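Here is the structure we will look at.
We just call them A, B, C and D in the order they show up, numbering each chain from 1.
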Amino acid sequence: MSAPFGRRLCEVSENHSSGGYRVFSLLDREGPTPLPGQFYMLAAEDHWEQLGGRPFLPRAISVAETGPAAAGVRLDFLIEGIGPGTGRLCELAPGESVWVNGPLGNAFREPREVSAGAAGAILVGGGIGVAPLALLRRRFGERNVPVRVLLGFRDAEHSGGLDDLFACCEVRLASEDGHAGHQGYVTDLLAAMLTGDDAGSAVVYSCGPAAMLEAVRALCAAHGVACELALESPMACGYGACFGCAVPKPEGGYLRLCVDGPVIAGDRVAEVTHA
Amino acid sequence: MSAPFGRRLCEVSENHSSGGYRVFSLLDREGPTPLPGQFYMLAAEDHWEQLGGRPFLPRAISVAETGPAAAGVRLDFLIEGIGPGTGRLCELAPGESVWVNGPLGNAFREPREVSAGAAGAILVGGGIGVAPLALLRRRFGERNVPVRVLLGFRDAEHSGGLDDLFACCEVRLASEDGHAGHQGYVTDLLAAMLTGDDAGSAVVYSCGPAAMLEAVRALCAAHGVACELALESPMACGYGACFGCAVPKPEGGYLRLCVDGPVIAGDRVAEVTHA
Amino acid sequence: MPEFCGISLAHPVINASGTFDAIAARRVYGDALLADFPFSAFVSKTITPEPRAGNAPRRIWETPAGMINSIGLPNKGLEGFLAEDLPQLAELPVPLIVSVMATGRPEFARLVEAVADREEVAAIELNVSCPNVHSGLIVGEAPAETEALLEALRPLTAKPLIVKLTPNVADPAAVAVAAESGGADAVSLINTLKASAFDPLSREPALAAGHGGLSGPAVRPVALQQLRSVAAAIGLPAIGMGGIGSGADAAEFIAAGAALVAVGTESFRDPRAGSRVAAELDFTSPQGAAVQPALDLD
Amino acid sequence: MPEFCGISLAHPVINASGTFDAIAARRVYGDALLADFPFSAFVSKTITPEPRAGNAPRRIWETPAGMINSIGLPNKGLEGFLAEDLPQLAELPVPLIVSVMATGRPEFARLVEAVADREEVAAIELNVSCPNVHSGLIVGEAPAETEALLEALRPLTAKPLIVKLTPNVADPAAVAVAAESGGADAVSLINTLKASAFDPLSREPALAAGHGGLSGPAVRPVALQQLRSVAAAIGLPAIGMGGIGSGADAAEFIAAGAALVAVGTESFRDPRAGSRVAAELDFTSPQGAAVQPALDLD
């Protein structure tokens, strides 16, 4: 289903902190239910300009969870405040309104093989990149796709979303400071898992910092395992208008991440140099 | 006493509505007590930019009242929200901070003749221009200068400050819609007063819209009565840096209203074409 | 209904070239885009004789009340445009203006000739912010180059030729006058201002191309002044653009002499900005600082 | 301690001409101004041979992330400056740079000669955004005019001559190269961009002069690009300005090639902006998007 044409105002219904990040919810009365991997362009209705004339453009944010609400669809977002745009989104108060354009972009595809014996989906998330995997995990659960979730965090201050978005289910953790789970990178866990007998039928789904995605891509390529990566790039519009979100294609030229992505098959990117 | 060099943050202690306008108070821990007629350059610390990159510059606002406070000086301002800058000042919440530069500009001078028989001061205010006259009236009261106060308002929705700033004392009112006092202009009341025997020793102090000030200036000139007018002009800096606040001098050339005013003797302006 | 070079338009708001991809937008929003098309005419992204991939990322950078872009004119080239894009653009419910750029008169001529007889094409915009490979001069910076280009292209088509002026000159009116002498039917302005920024962390240029073009509300005062001086100097209609985000902004451009206005960067913030600006032109804004322009453009 | 044309400065932040009146500020703030002077050198408002009243109001207009001014260079003229202002400016605790403008070489020469031997004056800034009354050309828009002016003035003084470039040209580097050939010691840029706005209610030009110059954060990306291209083209030090409001902004200008930076419009918002920018240059901003520039200017 297409996104409604244009931007619309949606009310903030909640905003709480979550392991150094924030989770906030919007009530979307018009839009369709988004698919895992899709994103929205968001801008606070009031006080969007924070500091020296920025933010000026809306910000691309993945949907982390969704569900039916009184008069529409609830959209949950996980935000790490790293600048004026995400900073403003972090401080949204219930009752405030946000300009919303979306859902935009493509979605993660389901593994082709979902037979009982197949390895199913391996979700690999790092930092703020865990957001789109939350909705993906739930969708796979509903469709009986076997799912294993590997999440990596720098430290406790960068472990947002874990309790809120992954409370229900088993996740394997890695943390750089060792505060939870394996001390080291989440890709160490993935590497071990890809040596398993059933790895060949697995599909890896990943979102996170550039270095992590590149490690995931290289690992999967080495093991001949299919993977889908949710990338980031600077976006002015999110709907194909500006050509700002260029990501190099392995064969040369560029794709527009907002309309050709943000989810890209691992063999469609040469090397991930930015997330 | 000079203003402290630079701008400083002052906390908002109160903000309430007043006849279509707002009255808000700041706690100034550093500045000297301002004199009647002086103004401050104000900008909200947060969310100053409201709409399309504006406001960008601070806004000039007269001090309407002042008094000692716990740890400094209380400054009261009367604001009419007419654009993004005054709009933001109107919505300041207690606890928010405001960048303050001032007190700036000159002050109203006392009448030279304050003998018992002298007519004393006649204060003529219109609309938002009543603000600086509130502090002036109290000062004159404290110094036993006889004061008569004439205030004009368009209608009930533009009668701010009356109850808050002039509660204590007798004021003569005019309103264009007749909702209070004389139906018509406040300058009608002044014209009648200037025909009095003692008018020659009076001094008129006035602040308000351009047309009102021009009528006051012309009336006083015709009756040979001294007057001091608090003018407005567009101000970028408020301290003589930008030369933006030019007001024509009767003999040609311009004065800088922020440092040579905002209070100007009636015979130092040719014709008031802007407030 | 405004009329522009003989073309009837539903309202005076069109898009700025390169800031709205109607084909991509239709993929994203479906046919709702056509039912509610935000512009009264559609200007294509600039096409060049050969395909271009565009510049390496990073291509965009946010600035105070604006943005810098160094997109680098990615496009399918003339053949790709005619084969793949033109049929789709012909389905839009509004007249189509094709924007073209080349680095020499023969190549420009090839582009103009290729669309000169196409029914689907209502007008041609010449993007002259490019160097002439022979003279080395940026065509749009040199009045004589601009005039010569127009003289070469004018005989090739009966369709209106719109010259998109570059703002990075001391005297844009001189270039506009040259375009008029050469036979242009209209001018459009402003294109982006040369600009750059540095990444605060690396202190390297923020954009891979080193520099780019500034657009958005930040440039509006520059656009209004150039439009004012250009409109006063020529007898042709002008399309005004540069930071328009509201009806009040558009009314300033009309006051400055624009026959039509174009919305660019604001469409990134609001995909329906074109319709909104057109609607706001008729209303008084709640801000008080508002406008009710007497729109009699026809 | 940065050194600039042989002048030692306490830090690399000075003021932009015409945006800080040290004499008025001392009247307003008292001697606290001197104790805590925000700039490492003081640049006077531009003086002209004869007194000027300046333009009729309205003279300023706020724009997105900036402002337009059409102040019109009000000043007391050379005699008034020497008699009334110079003695007061000599009391400032920092070196004094005098900005001058005239409409012909003989008048420019008169200004330069008048301050050439003054101990109180450390350097002279030539504001060349003015028409030459003989050629009609804006001196700063024509490389040959700029070079000829410098050749005429160079023999008149041993003091550093700084050429303030105008940004309203296609190629500011060409003018900077001409200034260097003519014997300039440094350049400064950018001056304001030609700009206008319309009053939303009357739809008349907002400024009485019709147009003015744009300054503030809005122009920063344009300033950075012009500085970058100028600094790459000449061997002289450059003073960078245009929308600097923080240490992070200043660091961008230093990355783009500036030896010193100047704060203009930001002083209107914060009278101590100069000191703040100098201090912030050493700190990492809490925004994360911050800068710790390796300042080795000497």
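Brief remarks follow.
Just so we're on the same page, a residue touches a chain if its C-beta (ideal position, glycine included) is under 8 Å from a C-beta of that chain, and two chains touch if they have at least 3 such contacts.
Quick caveat: nothing in here was measured; it's all calculated off a predicted structure.
Should one ask which of B-C and B-D has more C-beta pairs in contact, the pair is B-D. With centres computed as the average of Cα coordinates, no chain lies farther from chain B than A.
For the pair chain A and chain D, the distance between C-alpha centroids works out to 48 Å.
In whole angstrom, the spacing between the mean C-alpha positions of chain B and chain D is 35.
We define each chain's centre as the mean of its Cα atoms; on that basis chain C and chain D are separated by 34 Å. With touch defined as above, residues shared between interfaces to two or more other chains in chain C number as follows: 63-66, 216-218, 289.
Residues of chain B found to touch two or more other chains are 49, 52-53. The touch graph of these protein chains is complete, with an edge between every pair of chains.
Across the complex, chain A meets chain D through its residues 51-53, 82-84. Every residue of chain C that touches chain A in the complex is listed here, in rising order: 18-21, 24-25, 27-30, 32-33, 36, 45, 53-67, 69, 71, 74, 216-218, 265, 267-272.
If you check the complex, the residues on chain B that touch chain D are 2-7, 43, 49, 52-58, 99, 101, 104, 233-234, 236-237, 239-248, 252-254, 256, 259, 274.
Remark: chain D residues 63-66, 68, 138, 141, 168-170, 193-198, 200-201, 203-205, 210-211, 214, 216-222, 224-226, 228, 243, 248, 251-252, 255-256, 289-291, 293 touch chain C in the complex. Chain B meets chain A in the complex at residues 46-47, 49-50, 53.
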